[in-house]
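One chain, chain A, links the two complexes that follow: it is found with chain B in the first and with chain C in the second.
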Partner chain A sequence: MGAGQVMIKKFSDSGGLNIAVMIIGFTAFAYLASVNKVTDFIIFCIYVLGFDLLYGRMGRISFGHMLYLGAGAYGAAMSAKYLTPDPFLAILMGIACGATVGVLLGPIVVRTKGAAFALINVAFNQIGYFLVLVALARYTGGEDGVSLKFSTYGFLNFGNVHFLFVFCLCSLLLVYYVMQRLKRSAFGALLAGIKENEIRVRFLGYNTLVYKWIAFIMSTSISAFAGTLFTLNYGFTNPSFIDPARNVEVIFAALIGGPGTELGPVVGGTAYMVISNYLARYITRWELFLGLALLIIAFRFRKGVMGSIQDLMAKRAQKT
Partner chain B sequence: MWEVVAYGLTIGGILYIISIGFSLTFGSMRIVNFAHGLIYAVGAYALVTMLPLVKGNFLLAAVLAVLISLPVSYIIEKFVIRRLYGKSIDYAIIASYAVLLMGVDLIKWIWGANPLPLSDPIGKNLAILSFEIPLYRVVIILLSFLIFAGLSLFFKKTMIGKIVVAGLQDREAVQGLGIDIDKYFAIVFLLGSALAALGGMLYGPISTVHPYMGFRVVTLCFAVVIVGGQGNLRGTALASYVLGMVMALTAWFWGPAADAMIFAVMAVVLIFRPIEF
Partner chain C sequence: MLLSVEGIDAHYGSAQVLHNVTIKVKEGELVCIVGRNGAGKTTLLKSVAGFLHPSRGSILFDNEPMQALKPEKVALRGIKYVWQDKRVFVDLTVRENMELAAYPAKADLDESLERLFSISRKMRTQLNSKAKGLSGGERQILLIGRALVGNPRLLLIDEPTEGLAAKVIDDISRILIEMKGRVSMIVVEQNLAIVSQLADRIYLMKEGNVLEEITERNLILDQDYIESLL
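Entry: the complex of A and B
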């Protein structure tokens, strides 16, 4: 292989190709459609990346991940409302909120797997929803939520649509990069092992509970980060950011994109957002369509889009 | 004070009726059947639809509603549950969730997204000791005891029941005796679903009938199964009444926290008795 070819291969192996695709893809999409909407899509993709850390990489599906998104959203909102309207502090507080929830709930949640894992997340999601809607309504604004104004620093203005787009895109690339490094690290290998056969990993001497807990905290933090970005993007937050009924969105996105693959969550997130924003205009019963699609995926199309593409490319590589 | 106990027993009774099917499917097939919540909702909606047709005769409408729910649960069992069982338990949960989603949207399409009113069919109160309790709730409590007794007899005395209990304990041994255990589990699935529909009908008049009622009930069923043990008949009964009491007590002190409290209890149980499956 010539030097040029080696360089190209290195670029695409390290995920550089994917990053380039995301930058070009989203920018083109934003200026063809609406910058504001595509920013929304990007933030959702970050959320799906956080969810996929647990589902695709560790094999545990959570049906209550909105809790962590909401923790971030409300963490940021409360910080902006009661501390200072500084947006960066809000982001940090939101992530801290998500991480705290992960630290506290981790030891309970992470001991379960399969259906129990899925449903215990729902249960905590319901408790969180109740807290936000009723118990702490005095602070959270209850059903109406909180609307916020963030301070600006020259060009770092979260009210500016273009700045928001660039910021969120960079955040997505950052999270993507972190997930890539994770996948190729020893920790990532450990998670993959836990997904395959946890007992064996324990036999090798690892305390799998700690590693699962850490992965859980990472997942909740990334989801919380997405939550803070939603709050910044919309300028308000309300219980719909922690609503248990919306969990189907991220589950569908992760599944259709391809769980565990590199670009899968981004593809899936974009796919879901496109469906819910554009298809909904033409087909009123699009939620029925979503359920049907989910059913078909569960039966026939488990690897999702990226997974199937990977399979195809592997088959082609085998032939040559 | 006694009112709280009575209400707790009512909710507990309904929880039992609804959860027993869920617990059996969970214990026998290791499948978390979200579609169980759909049958529950179908039962309630079918009742609301039947009532005007039978001119307000609640009993007849109830029977018809259960009959309507049977083909729905049969279709779900045949096309979804049976295909998933044994091969892909992980995807079973996604598939049954998808079925529930589709069902909820169909309900919204047919009946609209607004809650439907359903009123207490008896409407009279019974005076016991120092307080009054709606007779309807007494009927529910008695019915739940009856169903518990009936199911206990069914599982102890009839052949089908005994096979199912054995299958819950050791599936392969039963198959080794030459018995097609899947057929029996399918029968149990239908029975459990019919009970879920019944639960939906009974609970409808004292709560709301809305498209998302299925989601709520599935999480409650799951809490019952976690607290009581999956596939454990007596455990499900005990857990149902205990959680019913928890709900009633919480509702007395702080209304909206009732549901959340059940999940808190479930979380505590999971800390001390994590499930391995």
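Entry: the complex of A and C
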């Protein structure tokens, strides 16, 4: 292997190649299509990364992740409406809201697994939806939601689509980098161990409840971060950001991309958003094709796009 | 006495699996549990490991009661379990498997790896390979190496040679003999030739009861005698 090839391999192994692909891909896509729309895609990818930390890395599928996205969206909106329109404080408040929900619900949620884990999340999601829509409607605007205007600081203007695009892309790269570091850490190995066989991990001396809780809080915080960015991008928040009926979106995206793979959440998130945004222009009932695609994935490519590519590459490497 | 299991009963749901079981393990001793399938050997190990809490009786480790402890607390007291089915964490590398064991035991990873390599030199070359690529024997060696992380005081080893080739069984036996005296062990084993080779003391189990305790060397070596009791 030559020096150039070694450098490329090191760059690729460090995740640098994936980061470069994301920067080039999203930037090109934004200027070919619509900056606004691609910003939306990027934010959704951050949300999928948060979801995949539980699903892909720890083997726990949540059917109620919209709750954590909504906690971020409403946390940011309430901060901007009732405290100060500072966008940075709104982001911090949104993340804090998501983390707080994770801290409070975690001890109950992470005790479960399988169907119970999936359903307990959707149950809490329903409660959150009811709170936003009815019980706290006086503050949240109920069905209408709240419109917001954020402060600007020179070029730090979240009303400017180009600034917002760059900010969201940098956020995605940061979250992606943190996830890669986590995967390669002892904590990542521990989560993989829990996914494979939690009982065995306990026999090594770990109180797995604590580690599952930490992962859960990280996941809710990242999802909440995506929620705050959606609020900044749209300039409003309404109950659709916490609607339990939309939980399938993130599950579909994670499945398409490949759960637990490095680039899977980004590939799946982008693919899902492209299908739902562009296919809908030409085909009224585009969901039918999404369903068919999922059937193919379920029967033929269970590891999703990136998982299947990884398998293919591993087979080729074995042959050579 | 390092471990003293006194008159325990254990149940799976409403079915009683252990009946008034008593066993003892001294420091540095290798105790073999022998019995047919369904005799309650694995259940006994699971009870000691905290996976199954006995409904009656006591388990004392270093004179401390531990029958109500959770598995993670039992592990932190220095009791490690080597499972029967040889399932390592297949999606992790050999190093990551060892790393996972080193952290809670506050053990030095390099030292733990050196000990693993001293058991099997081949592991050095497989350090960064996923454990899914290991053979059955190699997995068993990795499991033993992982259990030795942090210098445990008692190893619970469930059917270490089951399903392995003759050559690998010899290797595993050699490893267990080399470990004798340095760490106490309870080994569940059906292969009486290996039992005779390893054991300082034997407990014969049948239908959830301890039938007999054998400590005399000439009886331990007498496979026909042990077979006749099963």
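We take it that the second predicted complex is superposed on the first by the 314 of 320 C-alpha atoms of A that agree within 3 Å, B and C clash if a C-alpha of one lies under 4 Å from a C-alpha of the other, contacts with A are read in each partner's own complex, and residues count from 1 in each chain.
Just so it is clear, contacts are C-beta pairs under 8 Å (C-beta built on N, C-alpha and C of every residue); 3 or more make two chains touch, one makes a residue touch a chain.
None of the values given here were measured: they were computed from a predicted structure.
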| item | value |
| --- | --- |
| Partner chain(s) touched by A:Arg202 [first = chain B, second = chain C, both, neither] | second |
| Contacts of A:His162 with chain B and chain C, given as first, second, both or neither | neither |
| First (chain B), second (chain C), both or neither touched by A:Leu255 | first |
| Which of chain B and chain C A:Arg181 touches, first, second, both or neither | neither |
| Partner with the higher number of touched chain A residues, chain C or chain B | B |
| First (chain B), second (chain C), both or neither touched by A:Lys149 | neither |
| Shared contact residues on chain A - chain B and chain C | none |
| Contact footprint of chain B on chain A as seen in their complex | 61, 63, 107-108, 111-112, 114-116, 118-120, 122-124, 126-127, 130-131, 133-135, 244-245, 248, 251, 255, 285, 287-288, 290-292, 294-295, 297-299, 302 |
| Residues on chain A engaged by chain C in the complex (per definition of touch) | 186, 189-190, 192-193, 195-197, 199-208 |
| Residue numbers on chain C that touch chain A, as the complex places them | 49, 51, 70-72, 75-76, 80-81, 83, 87, 89-92, 96, 99-101, 103-105, 146 |
| Sites on chain B touched by chain A in the complex | 26, 32, 80, 83-84, 88-91, 93-95, 97-102, 104-106, 109, 212, 215, 219, 222-223, 226, 256-257, 259-260, 263-264, 266-267, 270-271, 274-275, 277 |
